[in-house]
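First chain A sits with chain B, and in the next complex the same chain sits with chain C.
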Partner chain A sequence: MLHLWLGGVEGLLQARELLFLGLGMLIGLFFGAIPGLGGATALALLTPLTYGLDSFTALALAGGVMGAVPMGGSISAILLNAPGSAPSAATCLDGHPLAQQGKAGLALGAAASANAIGGIIGTVSVLAILPIAKDLVLLFGPPELFLLAVLGLIVVSTASRGKMLRGLIAGVFGLMISFIGYNDVTGVLRFTAGIAYLWDGVHLVPALIGLFAVAEMINLSVKGGAIAKDAKTVGITSVTSGLLETFRHWRTVLRGSLIGTVVGAIPGVGGTVASFLSYSLTVQASADPESFGKGNIQGVIAPEAAINAKDCSCLIPTLAFGVPGGVEMAVFMGLLVLHGMQPGPLMLIDHQVEIYGLIWALTGSCVLASFLGLLVARPLSLLTLIDSQILVPVVTAVALVGSYAVDRNIGNVLVTAIFGILGYVMIRFDYPRLTMVVALVLGAAAERNFHQTTMMSDGNLSVYFHRKVCLVLLAGMAALLIAPFFRGFRKFRGLPK
Partner chain B sequence: MNSRVTRRRFVLTAGAARSLLAADADFPARNIDFIIPKAPGGGFDNLVRVIAPALEKYLPHKVNVVPDNIPAGGGGKGIGQLYRARPDGYTIGAVDLPGSFILQERQGGAGFDLNKISWLCAMGKPEYFCLAVGANSPLKSFDDLKALSGTRAVKFTSSGPEGTAYAATVVGANLLGVRAQLITGYKGSSDFVVGAIRGDGDAVIAPVTSIRPMQQSRTVRILATFEPRGSFAGVPDAAALGQPELSRILLDRLVGAPPGLPAGIKTILSAAFAKTMADSRTVDLAKKFEVDLAPNSADQATARVRESAAFYGKWKKVLS
Partner chain C sequence: MKYLPAASLAVFTAIFLAMAYGYPSQARAFPVAVAWVTLVLVTLDIVSRTETKAGAAVLSRLNPGTAAPDPRPLGGQFGAAAWLAVFALTLVLIGILYTVPLYVFASLRFRGSRSWSTCLWIAALVTGGIWLLFAIVLRLELYPGYFFESR
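And now, the complex of A and B:
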C-alpha cells in the first residue's frame, strides 16, 4: 500500500505536474469565487484542453481545480453573501454576518484554516477507507438514502430554534419547489405549467445565488451604506485570530470533516448536504444555538471543514462504481474517460497510482489555496467597506451573469431574480433560509428513494427496521427529536445545559 | 404560367445557388453545439466528449465542437431543442434508441419526430444487452431466475420509463418469459447496475459494455446474454435461450441534425464523423470503455433508425 501512496507522490512531484497543479489551483480559486461558475464549469472548459496532456498531468490539473474551488467559494460567501457554488451557501449563514460586523478577516482566516484541516482529515480518512470503499458504497441503498434525507430535514428543522413554525413553512415551501419537473421514477412531468425550463426542476445554483447574493444586495441597497457599515474599520488584522479559532473549535472541525467524509462517500448525495448537515449539527451541539446566523465563527468552521473533507471522499463512489456524487464529479468522469480511465471497479485495480496521485493533488491544492486565501484575506476584506451604490450593481451583475453561465440558460437569470426577491422577503420577515435550502436540495432525492424503497419492499415499511444502517439513522432521528425535550427538562430542573 | 427564364430570374437563381455553395464551402465558420440529452458523466456523455475533440480535427475549418448537456424531461427537452434548431449544421445532437422512441411516444409535447431528423452517423456499433445479478446473489443461473419468476415477479433495477434500459428490460423479460417488476428512477446505467449489485432488486438488464467491467472485477454474475453468439464463457446466448429476437434488442447511439439540413453541410459533417470513427486514438479510447467505433455513413444510421422503429413498434403497447 505504502509504495502506491509514494508512487502517487512521486508522480506529482515533477516540475510539469506541479506547474499544472498550481495552475489548476488558481483557476479553481477564481471559478470558485465567481457565483455560478464553480468547479463543474471550470472542469468542463478545461477537459478538452487536456486532450494533449498525459493522464497524470491532466489529473494534477483537475485535482488542483477541485481542491481550490471551496476556498474560492468561501471568499465570496463571506464577503458578499454570494455562494460561489451550492455547498458554500452554508458558509453565508454566519460568514456574512461576521463580515457585516467588520470581522471579515476573522471569518476568512477561520474558513481558510478549516478548509485546509478538513481537506487533510478527509484525505487521511479516504486513504484509510479506500481498500473497503466498495463495501461502504454498497451500504447505502434507497431505504438508507431516504432516511438520510429525512434525517437532514429533521436536523435543520430542529436547528431553527425559536422560529420553528417559520422554519417549517420555509421547509415545506422548499419541498414543494423541489418536486417541480420530471419525475425519474414515473417518467411524468409535474408542476411545469408548460414551461420547458422547468422540465429539469428549479436549478439549485441559480436559486441559491438569488436567495443569498441578490437578496443581500436588495437588503443592502434598501439599508444603504457598506456591508460593514457599522464597523469603523474592517478587522483585517484578525486573520490570525480566525486561524486560532479553528484550532480552538477542534471538535467542530473534526465533526465537520467526518460528516464530509461519510456524506461524500455516499453516491448521489453531494457536498451541499454535507455542508448544511455539518452546520446544523454544530448548531444542535452548541451551548449557545441562538448565536448562529448572527455571526458565530463555528458557523463558518463547520461547513468549510465538511466541504473539503467531502471533496476527497466523493471520489470513492465516482471511481469505484462510476456513480458521481455531484455535477463536478460527473464532469470529472468525462476527463477520466478522455484519458482512457473508465471509472468502475477495475479502475481501483488498474490505475491505483493515478488515484493516489489525484488524492495528493486534491489535498495539496486545498492546502495551497487556503494559504493563498489567508494571504489575500486582508485586502479582500476591504470589499466590505465599499459603498452600496458601487457594490450593489457590480455584485448583482456578476451574480446574474454567473447564474446564466451555469448552463447558458436565460431562464436561470429569471430564477435568480425571483429567488432574490423571495430571499429578501425572508430576511425582512425573519424566515430561516437554511430550512428552505436543505428542503430544495433533499426533496427530490427523498421522494425518489422513498418510491424506490416502496417498489423494493412491495410497500412493506418494515424494510426500514431490517437494515443495520437504517436502524442507526432511525436512532439518530429519535435522538434529535428527543433532545429538545431533554434540554427543556434540564432547563426546568435548573441543571447545566 | 410563364416558364421563360428571364435574365433577372437567372441572375437571382444563380446568386442564391452561389451563396448556398459559399455557405457550404465556409462551413463551419463558428462553433458547433453538440447536444447531449443526458446528464454529464454517463456512458453516453463520455462517448460524445471522447468524439468531440477528434471531430474538430476532421472538420474543414478550425472550430470548437461544444458538448451541451440538456438532460431535462428524460432527454425529451434536449432532443426537442435539436429538432427545432436551425438546420444550419451548427446544432447537432446525440440520440439513443430505443429510449427516444418511447420519449416521442409518451411526450408528444416535446414535439419531435425521429423519422424526420437528418441522421449523420452512428457512434459505434449497436450494443447488445445482457442479464446479470450481483456477485452475492442467490441466483446462480438463468434457470434459478426462471424458477423465481414462477413464484413471484422478478425485480429489475432500471432507468426511468423513458430510458433505453427500461425498454430493453421490458421487452427482454417478455421474450424470456420472465415475470418482471421494475424498480425505476436510477440515474444512468452505472447507478442501476450498482442497485442490482447492492440487492435493491433481483437482477438487471443492461448493455454488455456496462456489465463487462463489473464482471471482470467479479462484482456481478452474468446469467444470460442477448448476443447472437455469446462472448461470455458458459453463459447462454440468444440462440441457446431459444429466443433469437433477443439479439434485436440493441442500444444505438446516433448523431443527428435538425430536419432540412442542406445536403452539402450534411456531407461535410458525415465525412468528418466517418473519419472520427476511424481515428486511431479515438477508437482506442472508446475501446477502453468497451465501445467499438467503426466508420459508417448517414444512410446506415438512417437504416438503423428504421430497423429499431420496426422492432420496437411491435412492443409499443407494452412500453407505453
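And now, the complex of A and C:
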C-alpha cells in the first residue's frame, strides 16, 4: 500500500505537475469566490482544455481546482454573505456576522486553517477507507438514504434553538418547494403552473444566491452603512488569532472532518448536507448554542472542516462505483472518461497510482489555497468597509449575472430575485434560512428514496426496523429529539449543562 | 403585520394542497403529507402570535427565542425590493450588457447620490469586469434580452 501512496507523491512532485496543480488552485480559488460559478463550472470549462495533457497532469489540474474551491467560497461567504458554492452557505451563518462585527480577519483565518486541517484529516480518512470503500457504500440503500435525509432535517430543526417552530416551518416550506418539477419516480410533472423552466425544479444554486447574497444586499440597502459596523476594529483583528481559534476548537475540527468524510462517501448526498450537518451538530454539542448565528467562530470552523474533508471522500463513490457524490464529481467523471479512465471497481485496480496522485493533489491544493487565503485575509477584510451604496449594486449585479451563468438560463435570474426577497422577509420575521436550505437540498432525494423503499418492501414500513444502519439512524433521530428536553430538564433541576 | 408571514404561508399551502390533490395518488402522497404538517405548524405559529394564554404557551415552548422585527420604514424596504425586481425584469427584457451599466449607474446616482463621474466609472468598471469574466474568459454568451434575442 505504501509504495502506491509514494508513487502518487512521486508523480505529483514533477515540475509540470506542480505547475498545473498551482494553476488549478488559482482557478479554483477564483471560481469558488464568484457566486454561481463554483467547482463544477471550473471543471466543465477546463475539461476540454486538458485533452492534450497526459492523465496525471490533468488529474493534478483537476485536484488543484477541487481542493481550492472551498476556500474561495469561504471568502465570499464571510465577507459578502454570498456563498461562492452551495456548501459554503453554512459558513455565511456565523462567518458574515463576524465580518459585520469587524472580525472578518478572524473568520477568514479560522476558515483557512479549518479548511487545511479538514482536508488533511479527510485525506487520512480516505486513505484508510479506500481499501474497504466498497463494503461501506453498499451499506446504504434507499431506506438508509431516506432516514439519513429525515435525520438531516431533524438535526437542523432542533439546532434552531429558541425558534424550533419557525425552523420547522422554514423546513417544510423548503420541502414543498423541492417538490416542484418532474418527479422521476412517478413520471408526473407537479406544481409547475405550466412554466417550462420549473420542469427541472427550482434550481438550487440560484435559490441559494438569492437567499443569502441578494437578501443580504436588500438588508444592507435598507439599513445603510457598511457590512462591518465598526470600522476601527477591522484593521486590528488578527488573522493568526483565527488560526489559533481553530486549534483551540480541535474537537469541532475533528467532528466536522469526520462528518464530511462519512457524508462525502455516500453517493448523491453532497457537500451542502455535510457542511450543514456539521454546523448543526456543533450547535447541538455547544454549551452556548444561543451564540450561534450571531458570530460564533465554531460556526465557521465546523462547516469549513466538513467541506474539505468531504471533497476527498467524495472520490470514493465516484471512483469505486462510477456514482458521483455531487455535481462537481459528475463533471469530474467526464474528465476521467476523456483520459481513458472508466470510473468503477476496475479503476481502483487499474489506475491506483493516478488515484493516489489525485488525492495528494487535492490535499496539496487545499493546504496551499488555505495559506494563500491567510495571506490575503487581511486586505480582503477591508472590503467590509465599503459603503453599502456602492457595494449593493455591484454585488447584486455580479450575483444575478452569476446565477444566469450557472446553466445559461435566464429563468435563474428571476429565481434569484424571488428568493432574495423571500430571504429578506425571513431575516425580518426571524425565520431560520438554514432549515429551508437543507430541505431544498434533501427534499427530492428523500421523496425518491421513500418511494423506492415502499416499492422494495411492498409498502411494509417495518423494513426500517430490520436493517442495522436504519436502526442506528433511527436511534440518532430519537436521541436528537430527546436531547433538548433532557437539557431543559437538567436546567430545571439546576444541573450544569 | 405580525400575522402576514404565517397567513401568507397558510394561503400558499392551501393552494399547494389543492394542486396536489389533482395528481395521481403515488405522486401526491409525500407532498400532501408535508402540506398538512405545514398547515398544523402554521396554525401553531399564528396562535403563538395572539396575545392569549394559548399563544403564550406555544411561544414559550416552541419559539421562545424569536424577536420582533426592529422598526424600519416600509417605504425603504419596498423601495429596495422594487429596485431588485426592476433590475431582474430589465435583465430579462433587454439583456445583461445594457442592464448592468444602467442599473449600477442609476443605483449609485439616485439611491447613493454619488457624483456623475463616480457613477460612470463604477458602472463601466463593473460592466467591463462582467464582460471580461463571463464573455471572454468563460466564453459564455451574455444573455441578449428578450427583445434582442435572435429567433
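Quick note on the criterion: the second predicted complex is superposed on the first by the 491 of 497 C-alpha atoms of A that agree within 3 Å, B and C clash if a C-alpha of one lies under 4 Å from a C-alpha of the other, contacts with A are read in each partner's own complex, and residues count from 1 in each chain.
Heads up, the rule we're going with is that contacts are C-beta pairs under 8 Å (C-beta built on N, C-alpha and C of every residue); 3 or more make two chains touch, one makes a residue touch a chain.
Quantities reported herein were computed from a predicted structural model and do not represent experimental measurements.
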Joint occupancy of chain A by chain B and chain C, clash or fit: fit
Which of chain B and chain C A:200 touches, first, second, both or neither: first
First, second, both or neither for A:431, with chain B first and chain C second: second
Contacts of A:142 with chain B and chain C, given as first, second, both or neither: first
Which of chain B and chain C A:451 touches, first, second, both or neither: both
First, second, both or neither for A:291, with chain B first and chain C second: neither
Which superposed partner A:186 touches (first chain B, second chain C, both, neither): both
Which superposed partner A:47 touches (first chain B, second chain C, both, neither): first
Touching partner for A:241 - first (chain B), second (chain C), both, neither: neither
Angle, in degrees and to the nearest 10, that opens at chain A between the C-alpha centres of chain B and chain C: 90
Smallest separation in angstrom, by C-alpha atoms, between chain B and chain C in the superposition: 7
Overlap of chain C and chain B interfaces on chain A (superposed complexes): 183, 185-186, 408, 451
Footprint of chain B on chain A - complex, ascending: 40, 44, 47-48, 51, 134, 137-138, 141-142, 181-187, 189, 194, 196, 199-200, 267-268, 321-324, 327, 329-331, 333-334, 337-338, 340-346, 349, 407-408, 448, 451-452, 455-456
Residue numbers on chain A that touch chain C, as the complex places them: 34, 41, 45, 161-166, 168-169, 172-173, 175-176, 179, 183, 185-186, 188, 190-191, 214, 217-218, 221-223, 290, 387, 389-390, 392-394, 396-398, 400-401, 404-405, 408, 410, 413-414, 416-417, 420-421, 424-425, 428-431, 447, 450-451
Residue ranges of chain B in contact with chain A within the complex: 39-41, 45-46, 49-50, 52-53, 64, 68-69, 71-74, 76-77, 80, 106-107, 109, 155, 160-162, 181-188, 190-191, 194-195, 197-201, 213-214, 216-217, 219, 284-285, 288-290
Chain C - residues contacting chain A, complex: 4-6, 9, 12-13, 16, 19-20, 23-24, 26-28, 30-31, 34-35, 37-38, 41-42, 44-45, 48, 58, 62-67, 69, 72, 76-77, 80-81, 83-85, 87-88, 91-92, 96, 100, 103-104, 107-108, 111-114, 122, 126, 130, 133-134, 138-143
